[in-house]
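Please read through the structure below; I'll follow up with questions.
Think of it as A, B, C, D and E in the order they're written, each chain with its own count starting at 1.
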Amino acid sequence: MESTAKSYRLATEYVMSRIGVELVEIEDWNCCGATSAHTLSELMGIALPARSLATAELKEPELDIVTGCASCYARLRLAMHKIRTDKAAKYLIENVIDMPYEARREVYNFLDVLSREDVTEAIKGKIKRKLEGLKVACYYGCLNVRPALITGAPDRENPQSMDAIIALTGAETVDWAFKTECCGAAHQNDAASVTRDLSWRILKNAQLSGAEVIVTACPMCNLNLEMRQDGYRKNTGRSSIPVFSVSELLAVAMGASARHIALDAHHVPAAKALAAALRRSEGGVAI
Amino acid sequence: MPVEKSFEPAIVAFCCNWCTYTGADLAGLNRMKYPENVHVIRVPCSGRVNPQFILRAFQKGCDGVMVCGCHPGDCHYSTGNYFTRRRFMIMKRLLEYNGIDPERFHARWISGSEAAKFRDTAAEVSEHVKKLGPNVKYREEFRITESAEAGT
Amino acid sequence: MSRIGVFVCHCGTNIASVVDPDKLIAAARELPGVAYAADYKYMCSEPGQQMIKDSISEHGLDRIVIASCSPRMHETTFRKMLKNTGINPYMLEIANIREQCSWVHVDKDRASEKAVNLMRMAVSKISKNEPLYAQTIPITKKALVIGGGIAGIQAALDIADAGHEVVLLERESSVGGKMAMLDKTFPTLDCSACISTPKMVDVGAHPNITLMTSCEVESVSGYIGNFEVGIKQKARYVNHDICTGCGLCETKCPVKVESEFNLGLSTRPAIYKLFPQAVPSKPIIDKENCRLLKGGKCGICAKLCPLGCVNYEDEDRTITDNFGAIVIATGYQLVDWPSMYGEYGGGRYKDILSGLQFERTVNAAGPTEGHIVRPSDGKEPETVVIVKCVGSRDPNKGKSYCSRACCMYAAKHAHQILEKLPGTRVFIFYIDVRTPGKGYEEFYDQTRMDGAVYVRGRVSKIYEEEGQLVCRGEDSLLGEQVSVKADMVILETAMEPSPGIAELTSLLGAARDVNNWVQEAHPKLRPAETQVGGVFLAGTCQGPKDIPDTVAQASAAAAKVIGLLNKSEMETSPMISAVERDKCSGCGVCVGICPYKAVTLLEIDDRHGAKRIKREVANVNSGLCQGCGACTSACRTGALDLLGFRNKQILEEVDALCL
Amino acid sequence: MSEKQEKMRQCAEKLLRDGEAGYVIGWGETRFDDRTTPIFVEDPAGAGAFVWNEYAINSLAKYLLDDKYPDKKIGLFTRGCESRAINRLLKDNQIKRENVYLIGVPCDGKKSDRCTLCRERNPILYDVLLWTPEDDPPPAAGRFDRVKDIEAMSPDERYVYWGETYDSCIRCYACRNVCPACNCRECYADMSKTGFQGKQHSRSDNQIFGVTRAFHVGDRCIECGECERVCPMNLPIMGQTQKILKDINELTGEYECGMDATSENYLGRFDLDDKDEFM
Amino acid sequence: MTNEKLDSLLAKAGVRQYDCYQCGKCTGGCPMARAMDLKPRGVMRCAQIGSLERILKSNTIWLCTGCHTCVERCPHDVDLPALMEEARYLASDMGYERRDSKVLNEVFIANLKMFGRNHEMLLAGLYNMIAFKPLQDMSSVPHMLKHGLIEIKPHETQKSESIKKMIERAEKLSSVRS
């Protein structure tokens, strides 16, 4: 979140500080290994996230863990699940990470937190301006919802939690068909010809369903959908579509300025779409 | 003791006609295999099984007893096995309280289609009882001496 | 001393290859009371039975033990055999040495040993047997058929034609069921209404049939031949005794709600006939939606009715009637696919129809008058995708079973589209094509020749884009992903039991299988009966099936009912509970335990010392008692005992095992 | 004490004189100072024989079974334990309420081990109450203590414990004869032909008797303790029946018998949601 | 012998090959199927006919993104992603050819060994060099540098040394079940 997901981080910090939720960064966290680690070794794929979780449990035993990334979420949840259900694995993992880990606390993704009733109420109270009429396609990605056994997500084909959050900003979420289709982020480097198509058809369906912008809950999804739009324009002849993180829309609705949350850092010019929506609702307030 | 090795327990299984007896027949139809120790006594319903039958079985020299019926809700007589459930929940505890090893008495729901469950239960109970050895608790004394004589 | 005959069956090699019959014979001869022992290759065969009969007279036997297959197999056979021998049919015990011995054991010595044990147990038990005599109970010559679909209609007509009274009970306001909704029937393509409407009219007019629509079963008591059924007649708010069915009332009703009959593809008023050909052809008021009944102001229909039939004060009533037999014919409903398949849009897309919705669409009497058009824009589709096995063959999301009729109606739908809209492209996604039925494979062939493209693969996702439905799946014969842009998608959804089947079966005491279908007494040999005496089965309440099979089963159930009702009385099993009044102290614990209310306390005259007194004892109603014996295990004194399974008989068996 | 005794005598006398009751059952003197005996008084003049002291120990209710069809009402002095026994007999359809006249006598605890278990000193049902109710005894701590001790043993230890216990049983059936829950017309134990109960004085037959009797009365036991009181061999008979009561308490919550005459016994009913350990 | 390996592979993945009745719903929904030389349904087919080698040789197991769309929709709950994962481990153990994405993954892990966290620029750069695709995605680099979206200097965890050791331990043990 330091680099490619800069605006996601800034916006998240902004939103959280506004609604009075304190996020504590896990001390000395390490990468969960994403798709790569478990592709190479099952143990590595669990030990890496387990180490971060164990650290968190050691330093902040009273706190639940939240992650803003779908892939981290899936890996962390899996590690938690494994520790809770498989004694032999627990023993092995604790040996590898050289730390005890009991998986006492829950791992949530960012959407889970935002959907909590008290948090939703807090957000409602902090919304300063409405993104009236902004047509938004909420993109959940695979790993925020699948596999169901690990995530416990109730609806894996047409989830609604992000739509409900975005609705708080006054924006209008569109009903579209690619909310949880894979964008191929894991293979953007090595199987580009296929995965470009995957992200393109997501962009296309969002546009055809009437969306002006796409909102994600994961930096990888965000980057992947946003970064390759040059090719999208060239190959499909369609215009590009801005991609935001869920925090960014919330931050803007709460009054954050473009500079606050580094909106200019987007690959696809982003501020314009938001500005239009804000103008519609408030008669010309700039961001 | 050499008797231990060749010990083949006598196990009696009270099975309701509609579910477990049918399930046992189905096990036969499917040529499933289980130990010879289990002898089925057919009763119309597990509700017919008077707990005193179990006492008598132990007294007369059975090494293990099973009571089997339809799953709750599936009783051919609609509620018989609910009474069975209560009766034997109490009886099992009372037997154990009086020193009978828990493995010697089993109540189990086995439907007419659960041939495999019948086989597995029969095998499981036989195995457990075999490990425990011959039952002496509650056994009529003259029977013990008689069989001891027969064994020598 | 009893004279027991022991007969050992080889069952060909089924028994004899594992169990040594000679050992059994030798062991039997040693047992007290055994007067004769013999073996034979097939005891159940004619010569086998003759041999037993001969031995009875030759050796003066008074009770018989047969070591053979399961008593569930041939107990009845051998009891019948004994009927003409002078031995009471209940002086028979069967040692099950096939299903529970030779078939499940390998070690011949030990299997033989066990067979000896089983035989010895039977011999011990039979030493305590006593002759039992069946009683007779009267039979109420009237049948109740629950469900007015084609199965119920057929069963009711068959029973009524045989001269018995029938009450045909239907939950909706008209008989007809699902068949009335269909357009054409495969494979002959005759119009469904043309063949079912006359039957509907017949049941409405048959002198032996009482039609009870808008009715549900509320309570059931009694037993075969003597059921007492409480029927709830739901308020109709229209007096059907006077109503002529003119239809005037429907014309001005201000309410418009989704039509159930057209599956939401059209609307209907709050006072309505289920469909134009309804039988009875009289309307009812839907109280959930009627403006007046919901507390608003209206009353238009009452004003319009020239005969004053509308009665807003109408209330539910309970009617009680007695029946000798009951037929369950409650049918099916389609699974609720939107709640199961998010990947097919979860019901968001208007142009995805269920098979039954398409039937209404293509039906000339339906909402589009038979024009195949998209519900979204009323345009004729150029490409149609048909998806089979939606909700069936899918243990993860739906039902594990095959829904049986879908392959054929998918082919029929394809055929109808290609016939009405020549040039349409029709793709049928399937996993397997199953056409076991007369003329079915030919019909499938014809559909393919008509131009329907069969694609082998289950559709993975359907989504809407640019006004079309994109269906993505695999053509597994090619091994490639395919994507079809369709204008309309038809999901051939699975059948599941009608709602309320659980409540109804528990009222009747009938069992259900794992999928909630009503359980037949035997899957092959008693497919039209439940395990409850006097309760029979017809149609899809027992499992998915097509119309020919439904009608066949309905007639089969009717034949069973007729067979029962033709008798004026029937024999009951004598293996029921009996009370030894001397021992009974009248504590009444048995009364609460009996599921059939067969045990009651009865006041009897008795003596107490020199005093004449009245005291209460348990009393068993032989018509109600089903012989479960639950009461006997609760009886501390053993005053209650189960004939045929007496305490002493069972204890003898236990003792014999432990010898 | 003597004031209460006087009330009892007056009441009995009046009942008999008015012809309300055919006879009254109560406690009478014996030649020992520390014993009383149940007495049956028909003559109003004999009412002075009733005594009320700390030795009025016997529970009287079971005597009602000896005269189930009386011409006139039977008067009965009724404490907590008698009234629970009467509820037992009423529930079991053994006596008719209208055949008894219950003279309520709140109890102050007698000199008997059985009274240490007492949870109900005051009569639950009566026709007349002779004096103000007593305070209920302190909650009987450790209702199931003895059962717990035995449960803590290993199966073999339990077997030996009960085996040795029953080795001394002389099968006099006094426990049965005094028990208000043992109200069968003919006891299974007297029916040797049925095969449920052997007649030998062996450990096996003795134990079978113990367990079977416990099972017969277990869900109906009113915990009056009469069985142990009358046992000539001092067997811990309630150790069996209370085991069943303890299990029922654990399975379905608070369970106590004889508190009314209508509640169905545990084994005479069922609940769809009963625990299922036989899957 | 092959079947023994296959059986253990399936057992580890918790997949019963005969659960699959080849309906193809997995392939139909698979995002990567187009690039796969053996489609997901084909993997199950190979498992059914005992052709382990075709599974291990395929690029399928390396292309699977683990998005779980297949198992989500599978009528018989066949856990294909688990099967793919076990197949990757087995393929590595048995020395089958490194396929495209394995390179990325290894670069990714090497990255972690060094810094404990992921350094995007280094990852993309190293990958492009090793895979010989020098210009892939490079058009975005100036934009990203300008807005601080990528940085030349990597983030390090404080204990990257301990993470390196941990990864090495994990590599040695490799499977949770072994």
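Here is the rule we go by: a residue touches a chain if its C-beta (ideal position, glycine included) is under 8 Å from a C-beta of that chain, and two chains touch if they have at least 3 such contacts.
Keep in mind that what you see is a predicted model, and the values were worked out from it rather than measured.
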Set of chains whose contacts include both chain D and chain B: C
With chain A removed from consideration, the chain sets that still hold together: one piece
Best-connected chain pair, where connection means C-beta pairs in contact: A-E
Chain whose average C-alpha position is farthest from chain A's own: D
Chain whose Cα mean lies nearest the overall Cα mean: C
Chain B-chain E separation of Cα centroids, rounded to whole Å: 53
Rounded Å distance, chain B centre to chain C centre (Cα mean): 33
Rounded Å distance between chain A and chain B, as computed from the means of their C-alpha atoms: 59
Sequence positions of chain D contacting 2 or more other chains: 188, 195-196, 267
Junction residues of chain E, two or more chains touched: 34, 69
Chain C: positions in contact with at least two other chains: 343, 461, 593, 634, 647, 651, 655
Chain pairs that touch, as defined at the top of this document: A-C, A-E, B-C, B-D, C-D, C-E
Complex contact set, residues of chain B against chain D: 51-52, 55-56, 59, 71-73, 79, 82-83, 85-91, 93-102, 107-109, 137-141
Complex contact set, residues of chain C against chain E: 343, 389, 393-398, 431, 456-461, 472-476, 479-482
Contact footprint of chain B on chain C as seen in their complex: 70-72, 96, 98-101, 103-107, 110-111, 113-114, 117-118, 121, 506, 509, 511, 531, 575, 593, 595-596, 626-630, 632-634, 642, 645, 647, 650-651, 653-655, 657-658
Contact set on chain D toward chain B in their complex: 147, 150-151, 155-163, 188, 195-196, 198, 200, 202-205, 207-208, 210-212, 214-215, 218-219, 240, 243-244, 247-248, 251, 266-267, 270-272, 274-279
Residues of chain A defined as touching chain C within the complex: 155-158, 175, 177-178, 204-205, 208-209
